[in-house]
Each structure stands twice: as C-alpha cells, then as structure tokens.
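Have a look at the structure that comes next, please.
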Amino acid sequence: MSLGPYASFIVTSYAAAALVIVILIGWIVLDYRNQTRRLRELDRSGVTRRSGRSAMDAS
Amino acid sequence: MSLIDLANPTRFLALTARVLPWLAGATVILLAIGLYQSALAPDDYQQGATVKIMFIHVPNAWLSMFVWGVMSIASLGTLVWRHPLADVAAKAAAPIGASFTFLALLTGSLWGRPMWGTYWEWDARLTSVLILFLMYLGLMALWRAVDDPSRAARAAAVLTLVGAINLPIIKFSVDWWNTLHQPASVMRMGGSTLDKSFLIPLLLMAIAFTLLFVTLHLAAMRNEILRRRVRSLQMMQASRVAFSSEVGTGSRQENASTGAA
Amino acid sequence: MSGLDQGKMQLSGRGVACVRGGREVFAGLDFAAVSGEAVAVMGRNGSGKTSLLRLIAGLLIPAGGTIVLDGGDAEMTLPEQCHYLGHRDALKPALSVEENLAFWADFLGGERFDAAASLTAVGLDHAAHLPAAFLSAGQRRRLSLARLLTVRRRIWLLDEPTTALDVAGQDMFGGLMREHLARGGLIIAATHAPLGIESRELRIGGAT
Amino acid sequence: MTALSALIRRDIRIALRVGGGALIGVLFFLTVVVLMPFAVGPDLALLSRLGPAILWLGALLASLLTLDRLFMADHEDGSLDLITMSRTPLELACAAKALAHWLAAGLPLIVATPVLGLLLNLDMVATGAVALTLLAGTPALTFTGMIGAGLAVTLHRGGLLMAVLVLPLSIPVLIFGVAASQAAIVGPMTFGAPFSILCALSLVSLVVGPFAAAASLRHGLD
C-alpha cells in the first residue's frame, strides 16, 4: 500500500483521530475513577443515600 | 429492556455495566475491519491516496451532526418530561460531539491541503462544520457556567433545540454566501457517485464510529450520574455537619447513625 | 506583634459625623471602647449602625470628627488592626471551605492560627473539603467567623453577627466573643437582638 | 508577597472552576474572528491582508469584555471591603487581580492565535508577529480595562457602559499593535519602532492602571 506524495497528510489525520479518541477515552476512564473514589470516600465518612432513586432528584 | 428500566438511574447504571464491555468489543472489531478495508481500498483516479482521509473524515462529519441530533432528542426529554436522565444524556454527549466535530474539521483541512494549497479554505461544508464546532463549545461553556445541573440542563436544552432549528438555516446561508463568492467547491464528497470499493469501507467506518460514540456516551453518562450522586451526597454531608455541631458532639459515628435513619 | 496580647487599648471617636447620599445619618457622635469590652451599637433601621462600623473600618470617610486608636500597633492603621464582619460573607462559592479560609489567612497576613482548629471551633470541620456553594446561610456565617479566629486581630467590628445563626450557633459565637475579650480584644457590634454577652450599649440616632 | 500570590492563585482558581469565565473569552475571540469572513467574503488574499487587524480587534474585544466583572464579583460578596482594609496596598491588590485575569483570560488568547491565523490564511511569520504583538499588548489592554472595571464598581453598573468608557482608551494599543504586526509582514516600516512603542504603552499602563483603579475603588466605597 503506497500512500503517494501526500502520505504525511494521511498519516497525520489517522494519527490525530487516534490521539483525540485516546484522549477522550482517557478522560472518561479517569473521570470514572475519580467519581467512584469520591463516592467511596463519602461512603466511608458515613454519608449514605436515602435510596437509589433520590440521588439525582436531590440536586 | 423497557423504557422504564432505562428511566431509573440506578438500573441504568447496572445496565451500562453489563452492556459496556460488549459495546466496546464490538466497536474494536468493527473498527479493525473498517480500517483494514480502508487500507485495501484503491486510490481515487483524481485524488490519489488522499481519498483515504475520507474514510475518517466522513464518519466524523456524520457524527458531528448525529450527536447534535441525539442531544436534541435528549433536550426534548429534558423540557417535555423533565427527566434527569435526559439532562445527563445531553450533557455527556456535548464534549464527545465536540471532539468528533473537531476531528471532522482537522481531517477536512488535511484533506483539503493537497487540493487547495492551504490548510483552510472557507469552503461551504467545512465552514458549516466550523460553526457547528463553535456551537458545541458554546454549549459546553453553558454547562460549565451554571453550578446547578438541573438549571443548566434547561438552559442547555433550549439552546440545543434552537441550534437544531437554526443549523439548516445556517447551512443554507453559508452555502449561498459561498457560491456568491466562489462558484465551485473543490471537494467532492457526494455519496451516490461513490464507487462500491469506497462505499463499503466508508459504511463500515461510519458504523464503527457510531458504535464508538454510543460506547463513549454510555460511559460518560455513567460518569455524569456518579458526579451528581457525589454532589447530592456532599450537599447532604454539608447539612448533616451543621446538625451534628448544633447537637454539640460533632462525631462521625453520630453522623452515620442519623444517616441510616 | 509581641505587645498584642497585653497592654490597654482604647478606641474612641469624637464628634463623628456621617453623611451618605447627601443625607446626614448622624453627627456629633462620641464613643469610646477599651480592650476587654464589648459595645453593642443599637438603634432603629437607618440610624447608621452599619455606617458607624464602616467608618471605623475605613470603608467610609467621616464627614466630620475623628476616630483614634490609642495603645494599638503604632505601625499599622486602624483598619489594618480590625476584623470586619459585614452582611456579606466574602466567600467564593467555587472554592472549598478550606480554600476560602486559607485564602483569607494568607491574604490578611499577620499572626495566624490553625485553620483546621478554627473550623472545628465553628463546627465546620467535616465540611472542609466541600465547595462553599453547598453551605447554608448559617454555615456561611460560621465560616466567616472561622476567619476571625484564624487571623488574630484585636478589634472585631461585627454587623448583625448573629443573623442566620441558630441557637446553638449563637451560643458558640458567644463563647468565641468571650474568649476574644478575655484575650484583651475589643468588640463593636451593630445589633438588634441581645448580643449574648455582657456589653455596653451605644444608642445612636435614637432620640428622633 | 504571600498575600499577593494568594490573591492571584485564588482568582485563577475561580476562573478555571465551574462558573468561572476564563475560557469564555477565548471562545468569544474565536467566534468574532470566524464571523469576519462572512462579512468580508471568503477571499483568502483579502483575509490574509486583513488578518492582523481582525485578530487584534477580536483579542481587544475578548480581553475587554471579560473584564467588567473583575471587581464587581468581589464587591458583591464583600471581599472587596476586606481587601481594601488589609495591610496590602490596594494598588498592589488591583495589580495582582489584573495579573491573574491576564494569566487566566489573556494568555489563552495568545495560545489560540496560531489556530485563528490558519483560518485567516496568515503564514508563519505573520502569525508569529501577531502573537508576539498580542503578548506585548494584551497586558496594556487588561491594565487599562481594569480602570473601567473599577469605575463599574463606583457606578454600580457594568457591561456596555464600561466598554464605552474603556474602548477609546485602548486605541493607542490597537494602533501600534496592528502597525507592528503589519510592519513584520509587509513592511515598509521596521518592526522595532512600533513594537517598542507598544511595549512602552504596556509598561505605562502597568503603572497607571492599578493607581487609577485603586483610586476609583476607594472613592466608590459605601
């Protein structure tokens, strides 16, 4: 597979797409860890939810 | 799964946990096949190998509009049914949609560079995508500007729907503005005229990217639900502390026991 | 700093006049307060209680008369030796309880005391990491009080300090004020309700 | 010194958190610049000629319009009272607040300039010249705009009135900023002359701004 005279543009676009998607995935994974960690901390400090349903309505 | 199952955040979380690995797996497999097919695709007689950029530009351009559509439906959910899960869906979609729109812009300008000689041409299609990108950023700024998520959700929902109505008008105006100044657009992207050897990898990539969006969106929605849970728990913690200190003990055990009640 | 906890100190005003928006709020006001003493400024609405505090704090310029502090730190102006607790809390909702307090401690400077201990004293220790946006009005007031404890100033100017505080909060605050007076501090408080500690009354604008 | 760095850190932190406006300025800059071609047409040669002017106007509006809340927020929540009373001179506190604002809202504009230069068909040299002049000139804008922000507190009114008061004051910065970037791109002037005047304007405003803002804040107290 030869990419012709504009190979760098093709490679750059695929690389950029990969990079942006990896950043997106990384952000989502880190955010998930962050939120679960904070939930655990709150759990340890004794704050519990009244029920599963009300957590989102409370805000 | 019924709609009622989905409507409950806790059940939604459970469902997400079950579905996510499968979705991620399917995305990876489809993406691999799509990339393989794109690599095999022949060169275009006019554009040469640069046509390969199309295989990732078009899916991203498609998603930039599709995600706005998803947000518009979620916004209807926010405004009509006032369902918090709709808020969550709309908020989680915005940064993902903005990323895809950014990629559409970037790959579009890289695709155009060999043809135009510059990275950016005020081409009708790309310009419309740029405006869409700005609207995504504005929407994200709106989400960030308001502290109370349910209040932000209503404002963002109105903006999303207004955007959805306005986007075709903007597209039309930009097209008109563009033809006024330069008669022919250089970029060729008509779906029907495409050869089958391009169409199959393109479709595969489009489906793979859509699956990727669904996966990321579900994961981001889960994060958002957890974030709101943290927020409401923190608010409970704040009010609980005042209570315990008024009693005069201020001990953690006290908190735990009143919390269980 | 060494002379801060001993030595008598007197804050006095002579013939103080205040004009706001072209209207004379009060004139010819004389007052005096010595260290270890609390003065409760009383008067109906609009009699200039807040204005008097802001005059002492240097936030308003007197239309006449003088306000002097004898026995304070000679190197500092009067406002620099005062804590002012106004109607507004000077809190940023985006920052956490801790960050809010730490900022004022850093910015106001001078003799510092443990921020965590102050938060415990006002009953906010468990909320230290929470954003100030989550606090209720009473809790915001408590956080402002923590500022008075973290940064030591001898003169406290308090504007309706007990509003938004519940009964337990008022008790706690009474204890803090007593401690402050025992350390040789001086309190001037504008108030409608009884202050909760023994105090001398200064009635302004009451006659008319 | 700890007092000032604490103030700077606090302001930057607030600007970057939820509800802060640090990145909205960049978004505004982006939007204004993108709007221009719709008015002047997509002619790349024309756009690259107008480029420095468009970028400078965008940056000017973006950095001035985000300034009107510089003191207003602190005034509304009572922080300004405490800042006025403190041992830190009000002039220095004002300068610290302006510096924090520039770091949070002004620097991102300069970072965004190369991307916008691409949209306006500016080449590397031109983009570099505009970015450099913005780096030298935006402090002047922030510190001049700070005077308006101080007046906004005195007058209990922000927004457009402030823009009307401050925009005329920023004309010299605009003139020499655009002149320096044009000189770097097309000549015939040397880049150095207008650029050093631009730097001088920045230095003057670094001195004048805090004093004027502090004066108007002091007189605005009530």
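Letters A, B, C and D mark the chains in the order given here, with residues in each chain numbered from 1 onward.
Simple rule for what comes next: a residue touches a chain if its C-beta (ideal position, glycine included) is under 8 Å from a C-beta of that chain, and two chains touch if they have at least 3 such contacts.
Since the model is a prediction, treat every value here as computed from it, not as a measurement.
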item	value
Chain-chain pair with the highest tally of contacting C-beta pairs	A-B
Chain centre separation (chain A, chain C; CA means) in Å	47
Centroid spacing, where centroids are CA-atom means, of chain B and chain C in whole angstrom	51
Geometric centre distance via CA averages, chain B-chain A, whole Å	13
Whole-Å gap separating chain B and chain D, where each centre is the average of the chain's CA atoms	32
Of all residues in chain B, the ones touching two or more other chains	147, 234-235, 237, 240, 252, 255
Contacts with two or more other chains, residues of chain A listed in rising order	45
Contacts with two or more other chains, residues of chain D listed in rising order	18-19
Touching chain combinations (by label order)	A-B, B-C, B-D, C-D
Chain D contact footprint on chain C (complex, rising order)	20, 54, 57-60, 76, 79-80, 82, 84, 86-95, 99, 102-104, 106-110
Chain D-touching residues of chain B, taken from the complex the two chains share	109, 118-122, 127, 130-131, 134, 137-138, 141, 144-147, 174, 177-178, 180-182
Residue ranges of chain C in contact with chain B within the complex	93-94, 120, 122-127, 130-131, 133-136, 138-139, 142, 166-169, 172
Residues of chain B that touch chain C when the two form their complex	147, 234-235, 237-242, 244-248, 250, 252, 255
Chain B partner contacts - residues on chain D that touch it in the complex	18-19, 21, 23-24, 27, 30-31, 34, 37-38, 41-44, 47, 118-119, 121
